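Before any comments, here is the structure.
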């Protein structure tokens, strides 16, 4: 079971954001991607999740090509993503954000809403229960009824993770989950990720914070200028001279 | 020959559409919203040109009057309305621009009355080129459009402020980082977009008659041309205006004179669905 | 929601009770006959509307000065239609329900008249309009015969055009119509009348308002090589068309309705362009004493000449015809008044030109009121048939050559 | 007096119905529909033509809702692919095309001559009673529509459309297809406008293409912006203010006599413009507060 990224290339105007990226990631792994600004990390996520179409290359999930699938279809296949800048539904409360994320609700269609009210009520009760558990797990229960636009940056990151969890994911792509988050909360989030991974959910994590990432993931890839420079265990990768040259700017 | 003549008629009408579309595309590219006040700005330009023409008897003065009056009024609109909406949604700006359109029309209606006004232009028989009738007035009009375009493109490509405008249009954040002051760019933008709309209004007024309502009707074809040309592309807007004008007239033997107005809409729809970035547009999508 | 529903039912009950209230509440004050002046004071009809309204008030004052009608004073309540059917309906509702008027006078555009006439029919009161749409003559609009039209229908205009066309010896007419009820009404009326004479129309073009140019439309019409073009047009589009036609250089004659081919057109295009254009207009009864009386009052009220607004001559006549019918009926019942309107306006009878004169003559026998806008004879549909003046534009002046009666 | 108020009430309720449709589309979902009047026109013509050809009123109204809804379908399909502002322009163009079709297809719509003599609701009850019954019917329909929209707003469906309004891509990232929701919203809002159109046709009894100009759309926008975007109470209050404005302008000349009659139409449209600008700048949440203050 794996996510395979084969020779993905993507240009914006004359700028080559991804240049033949090739990676294979086990879907139950904890996998990190690091790289400087503009290395193409977020673009890679957008290509994997279907928001940006690649110019060339293939994306396979469990051996099946998914390039033709729309972003929602990819999400329904169990591969969720979060965004670098949190995209909470700002006028909805935390609870509503999570309830909205539950999949396959009868009340999501107007016909179901008006003609199967009993079914809708039953489902709502079940979803509410799941939401309570998710909020407790992510320690969001204190802000359950706060409009999500008013949350702190870290809480928004947690909420994004929570929404993804509501969809019963197999693999979550986390885009900079620690950026702008206070250190205490970073520890918290890392614990949650480890717990979830232990339950079989895979993570691919883009991160700036090298130190945080090396504590979390057993394997990572380094990207620069749209290319993967190296891949492997953090210690080995960081010793790679090419990586040191490109990413760490020669700092020893 | 019948069709060739229709085609030529359309091209000259397309000049006005193209200039209006140029004003829209400048604003859309830089201020990032569809300015629904463009049509009524044209009306303002036409009245300003009328007044200047009556006072001076010179069409050059009339053109300058149209350009400066409309530019200044749009700049005032920017200062008093659009600037206050910075950071708000596109809807807010769009609705505000409709408000400005209505307000302009009302003021012009009260100030100049609802009766029609005309430019006192001596009428002349057409030149005939191989059976095609071409009016001297249309040729003069084309010259005015050409001068306007040269001025606009000169400004955009040869001056510092023009380069800054294009930089902001390309990437606002990048432009800010590189030290461009958006305030100055916006002032230049509104003056320029207003001046172009004003000239377009004067041309429309010279071809037809001037009433307080006449500019609004140009909005749909002008938006269409802006989209067809590719939002943010000045060259595209003008070329698309010409194409649109020609297509509208060319279609009349087949669809009649009523449905030719709907042609603009169908073209717009087709472009948006098939090639959203238009003829000359950048990659930036419409989705 | 429950409170809402209860409140709603309560309100509904109260409202029905009030409206179904005994007729005592609805009765008019003694000694007054109230009429509604429902004119296009704002909107597209604004150039005429306020003059029309003023003439209704002024004529009512004259009637009252002569002792009123059937012993009652005429009282006028004014409202604005905004030249919009929706606003017109609301205004008519107000006049009928709040002011309890017994007749509504002065609706102008066909859209407003067509929307108001069901209300006046329901309320069983008279409506007098100046609209052109043929639909107003027949049921359902005029199902009760309570609606009177003081303006020539568009159809009649068209027939006049055909008459002139024949008289001038044109053989190959084409038409150009502004795409609205009045524009198409004119050219369709022309086409029907012309084809009824066994002739053919070589081209028909309908064009849209507010176009930057009508060159392609013209091109199509001229391609048929007509010797005359008959239009159903307005001033603004006619201005553009005439200028573009002149520049095309193809010789052709024009027959244009008077509201488009007028001194404003000459001013807009210059005299050279419109030289020889034939302008057709329904003409007021300008030699009659009634017109003189009207024109005097109109000039005093507005500072403009009586000829500048034919619709206000019509509203002037409305009050006169209505008041004379009331006087003749000796009653304020709608049915009784309605029965007398044709009797006091149409021949046979002593010709009278003012209210006082008519009131006096009524004592002796039948009268025939001759109005300011026309001789005011209503046909079976309640339509007048005014005369049409045929004007030729010569050297920038409109010279009347002859008059056509349909 | 009462009958006049009932008449104003009927027109006001027609605007409430229109505003409710827009509240669902723009207020809750964020769709900038600038072509509302097109659906209003489709409803008016559909019901008028059906009833005048012998169909019962209920069929006329159902047809109006259905056809307006169906017309929204292709517009919905287009909306899937367009950004907000483009969608606004497309819908504006759509309503103009509707007007052009109504003008041109004379065999069906009688073109610019319009359709006179459209049957009124409850005409057999006679003037006052029929009027009250009409008012009661449209009130009942409006209350039902308001109830439906509140129900939608508080439902799983409502959560998603508000989520779409707040961030469409995030909704996609959760495995949900925004187009599915947008189309439903457009169809329901259009159907409401269609029903409003049917009421309008059977109340005014005369319809003509020139009644269906974009200004009507912007009247409705003015109503919801003044009332408060995304709230049922906002739609109601906004429509009441709009009606007071439209009818009340009869009295403006009494207050400011130096405005000539001819200029009143200009003053009216200028005030619409000014109010739009002022509300957008200084009170974007409207009088009743918008969805942020629910």
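Points to keep in mind about this one:
A, B, C and D are the chain letters, set down in written order, and residue numbers restart from 1 in every chain.
Everything that follows uses one rule, which is that a contact is a pair of C-beta atoms (placed from the backbone, for glycine too) under 8 Å apart; a residue touches a chain by one contact, two chains touch by 3 or more.
Note that the structure is predicted; figures quoted are calculated from it, not measured.
Separation of chain B from chain D in touch steps, taking the shortest path, is 1. When every chain is reduced to the mean of its C-alpha atoms, the one closest to the centre of the whole protein set is D. Centre-to-centre spacing of chain A and chain C amounts to 73 Å, using the average Cα coordinate of each chain.
The distance from the centre of chain A to the centre of chain B, with each centre set as the mean of the Cα atoms, comes to 45 Å.
One finds 42 Å separating the Cα centroids of chain A and chain D.
A straight line joining the Cα centres of chain C and chain D is 33 Å long. Shared interface positions of chain C, i.e. residues touching 2 or more other chains, are given as 46-47, 179.
Chain B has residues 114, 256, 258, 261 in contact with two or more other chains. Only residues 33-34, 81, 84-85, 88-92, 94-96, 98-107, 109-110, 113-114, 212, 220, 223-224, 227, 256, 258-259, 261-262, 264-265, 268-269, 272-273, 276, 285-287 of chain B touch chain D when the two sit together in their complex. Of all residues in chain B, only 2, 5-6, 9-10, 12-13, 16, 114-116, 118, 120, 123-126, 133, 135, 137, 204, 207-209, 211, 213-214, 217-218, 249, 252-253, 256-258, 260-261 touch chain C in the complex they form.
Residues 49, 51, 70-73, 75-76, 80-83, 87-92, 96-97, 99-101, 103, 105-110, 113-114, 120, 123-124, 147, 163-164, 166-167 of chain A are the ones that touch chain D when the two sit in their complex. Across the interface of their complex, chain A is touched by residues 151-152, 155-157, 159-160, 162-163, 165-167, 169-170, 172-177, 181, 184, 188, 291-292 of chain D.
Taken together, the chain C residues at the contact with chain D in this complex read 1, 4-5, 8, 12, 15-16, 18-20, 41-43, 46-47, 49-50, 79-80, 82-87, 89-91, 93-94, 96-98, 111, 114-115, 118, 122-123, 133, 135, 139-141, 179-181, 183-185.
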